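Working notes, beginning with the structure itself.
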Amino acid sequence: MKLKVRSDLLFDFPAGTEAIVSVQAAASPDQKIISESLTITPNARIVQDKADERGERRFRAAFSGETRIVYEAVIDNGLRISIPPDVPQRAWCDLPQEALLYLTSSRYCPSDKFVAFANREFGAIANGGARVRAVLDWIHEHVDYVPGVSNSETTAERTFVDRAGVCRDFSHLGITLCRALNIPARAVSAYAFQLDPPDFHAVFEVYLGGGWWLVDPTRLAPIDGLVRVGIGRDAADIAFLTTNGPCRSIEQSVVVEQAVDAMAA
Amino acid sequence: MKLKVRSDLLFDFPAGTEAIVSVQAAASPDQKIISESLTITPNARIVQDKADERGERRFRAAFSGETRIVYEAVIDNGLRISIPPDVPQRAWCDLPQEALLYLTSSRYCPSDKFVAFANREFGAIANGGARVRAVLDWIHEHVDYVPGVSNSETTAERTFVDRAGVCRDFSHLGITLCRALNIPARAVSAYAFQLDPPDFHAVFEVYLGGGWWLVDPTRLAPIDGLVRVGIGRDAADIAFLTTNGPCRSIEQSVVVEQAVDAMAA
Amino acid sequence: MKLKVRSDLLFDFPAGTEAIVSVQAAASPDQKIISESLTITPNARIVQDKADERGERRFRAAFSGETRIVYEAVIDNGLRISIPPDVPQRAWCDLPQEALLYLTSSRYCPSDKFVAFANREFGAIANGGARVRAVLDWIHEHVDYVPGVSNSETTAERTFVDRAGVCRDFSHLGITLCRALNIPARAVSAYAFQLDPPDFHAVFEVYLGGGWWLVDPTRLAPIDGLVRVGIGRDAADIAFLTTNGPCRSIEQSVVVEQAVDAMAA
Amino acid sequence: MKLKVRSDLLFDFPAGTEAIVSVQAAASPDQKIISESLTITPNARIVQDKADERGERRFRAAFSGETRIVYEAVIDNGLRISIPPDVPQRAWCDLPQEALLYLTSSRYCPSDKFVAFANREFGAIANGGARVRAVLDWIHEHVDYVPGVSNSETTAERTFVDRAGVCRDFSHLGITLCRALNIPARAVSAYAFQLDPPDFHAVFEVYLGGGWWLVDPTRLAPIDGLVRVGIGRDAADIAFLTTNGPCRSIEQSVVVEQAVDAMAA
């Protein structure tokens, strides 16, 4: 699908606030950036970080006062497909080096605590895609999407007890269970088509076969309606805005639409 | 100082245990590897990961049964010096991209919770080297080195309450306080000269001025008696051995000696 | 001081909600209930629990729909005085049996974790009233009164790290530090004169010499401006309303005034 | 069953250690103390607390140096029966006042977090005895008895994730789930017939119909092989020994045998 995304953030920053911003579409093989623009008002000097091996692109800046950050892009992610049941889980020795970081526990994803549960619940299912899909089915069946029950400190352990949360919590639980099964899993922030209400979305991806597969444990957006942005161990790594002190959000909007193909006209 | 290090690990692994091993000296500019050897008995195919931008070198293997892993090296870390009080803290925009990861909270280092305390306690001290040294002094004065009070789940928050811990806990608390002050800080595993009893050591490093500075909050080893091994966000990233299931340690020893310089004879 | 208190709670309860309500002044020797009334609209059958050995008086009822609970009382607490510095700490064997429950950790007051800190910080001060006053001074100096940083799950451990909280958090930290020093300490909910904005207040009391001494670690209300209501291990025990399911607060007000003495007219 | 119990504790106490000891059989209607003796060597002055409304009997003392505490008793608990499926859950207004304390969360039993799970899993089962038995069945099916995975800080939340623990953990999880279903539940320490290896045991009891019913979620001892000792909100309240500082256990044994009835000879 060809998608047109637009995020518009208006913040009030105390003078000299340092910020890391993650709103740009990732440079990953499963999505092609056709066009994009980044507009900061008033103009500010930014440091554009290069896409790292994960494809994430962030920029840094020092902001003072009311500042608007608008990112627009047209993306083609037409090659992305759902994870096939038979794509195999890889031995650690066969993983690319960059995947190793996503095998073990992180702040919101204490996978070491879930080894017993994960093996008891999913151990009988063929490893690989089928097992990941079983994890997703389990979450869908046992966890309710309920805004307001969780906060920025909620871990997968807590969501497993609460049986409720939002996209971030669903992803943390999915990542945690996959890592407990020795499957590399990492958090992904995304623009999502048809998400209601529109907002930044949190999904995750697993390494199976020869690559990373994107999954959405909330089932709120179609897999080819997702545009990757940030990638990290868990939500702590993929905030759209990280600052060195408090700041105030004035307004924030995200729009994701199917791009009209001018060429087809 | 020129150091000769040797680690000797004997483990019993269930058949087909997958492992990531981090015992090799890091490839970092402040230490020179003069010679080294890695011996695994019985012989096993290993995947040697390349040193990443942090300098960490790890290898992967699948082990079965009793396995001995011996690493020996001669290292010259003569260029390493203690952090000067006047080396300045950098603005986020002036940090190298690789340092950004070490600005924010991680599993054992919830620095976001310590912003109020850190600013209250250290805010009046000139930023940069002097402030980091004040953090180290505070830890030295308020936390006791007590084996047995902490475990693999102990966070810096808990150590701050307990006022006691071991090298790993001291480092987590130091990292946490530095990040709360917006100073990039990361965990380092090390071989340490004169550590008693000899063992792997956990220290940390901060990014100030134009580079990473190694510090030992326990004051148990001289700064030029340290050989870096693993580097990561916190202890979760720098275990000398990570496996995909339980295994049994049979024997483990670490020896660090001053290297006799044959040329001088 | 003679005080006139009034609490007025308006809630919307799903049909058949079971509730425990703690709004009545406690029957304790340091305050005399001159007059009081409890009005529930619409009328509901209540089970009035008798004052237990702690003096707390609660009632139970099943509520349906919009319900108003109004409690009014005139109280004379003129005999209450601040804790003298020289009132001694008692040996466990010399405590009344009812005080034992308040020696050890509870949900929000994990005093076992604070033994090292408490002894390091307060161990040199003469035990008894002086030591408790030193605890109160420490809290006053190191913790800021900041609404919004804590929630219903915040423990004393977290407040000790955050260095900020509200009356409930201040009390939890005070209770925790006193218990860590082997002084019985328990939470008290109260009506408080001159509290701004007016609301239920959380304070605590310690057992020293031959009785319980009330203290307010927030210093927001004069000690003779407090009317005790509930008493328990920590805030979990002294909620003004506990229900067996969710309900909705519509309106809530607390008024505490100096009582005009008709006799003086 | 008529049982003969004996506990023998040998501790080394620093001079003047204050202690609360809970080893005596409780004075509860479902067990009759036929004979008993308490021997402390060397002799020490003790303060014998009276059985409170919960039936728990504890004593206090100050100990110095090596001290042996031996308790022996013959108990008839022949009237105790397993909880019938049809004994009904009571409305809060119909509970005895002393049961209210056991409706809400405590340190190791955060029942407020389990409301969603408990209702999802057990809500369809008839309330009362049948529902409590379903909770016990669930624990039996989903949690493994594994010494060593838990410690003195393990909460029911953690055990729910770990799916493993010992008697104390099983009881905490059972108490938590019952309270989440609005059933009063409290921890009980016990001597247990046929427990292997012999030790103090942790079980719990629920208030249904007109009384407290004892249950053993581990299924390690027959219900009429249990002798109640301490009673409290959770394990924090029922330790057999609580001291005001560290002490050292030298030796500890518990023996529970069927009492030979002399009359039958």
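Annotations
Letters A, B, C and D mark the chains in the order given here, with residues in each chain numbered from 1 onward.
By our rule, a residue touches a chain if its C-beta (ideal position, glycine included) is under 8 Å from a C-beta of that chain, and two chains touch if they have at least 3 such contacts.
Not measured: the values here are computed from a predicted model.
Any chain that touches chain A and also touches chain D would be listed here, but there is none. Counting hops only between chains that touch, chain A reaches chain C in a minimum of 2. Chain C and chain D have Cα centroids lying 30 Å from one another. Chain geometry summary: the mean Cα position of chain B and that of chain D are 45 Å apart.
Averaging C-alpha coordinates per chain places the centre of chain B 47 Å away from that of chain C. Residue positions of chain C with contacts to 2 or more other chains are absent. Taken pairwise by the contact criterion, the protein chains form one closed cycle in which every chain touches exactly two others.
Counting only pairs that meet the touch rule, the chains in contact are A-B, A-D, B-C, C-D. Of all residues in chain C, only 18-20, 45, 47, 49-50, 52, 58, 60-62, 91-93, 97, 100-101, 103-107, 110, 182, 236-237, 242, 244 touch chain D in the complex they form. Looking at the complex, you find that chain D touches chain A at residues 113-114, 116-117, 120, 142, 144, 157-158, 160-164.
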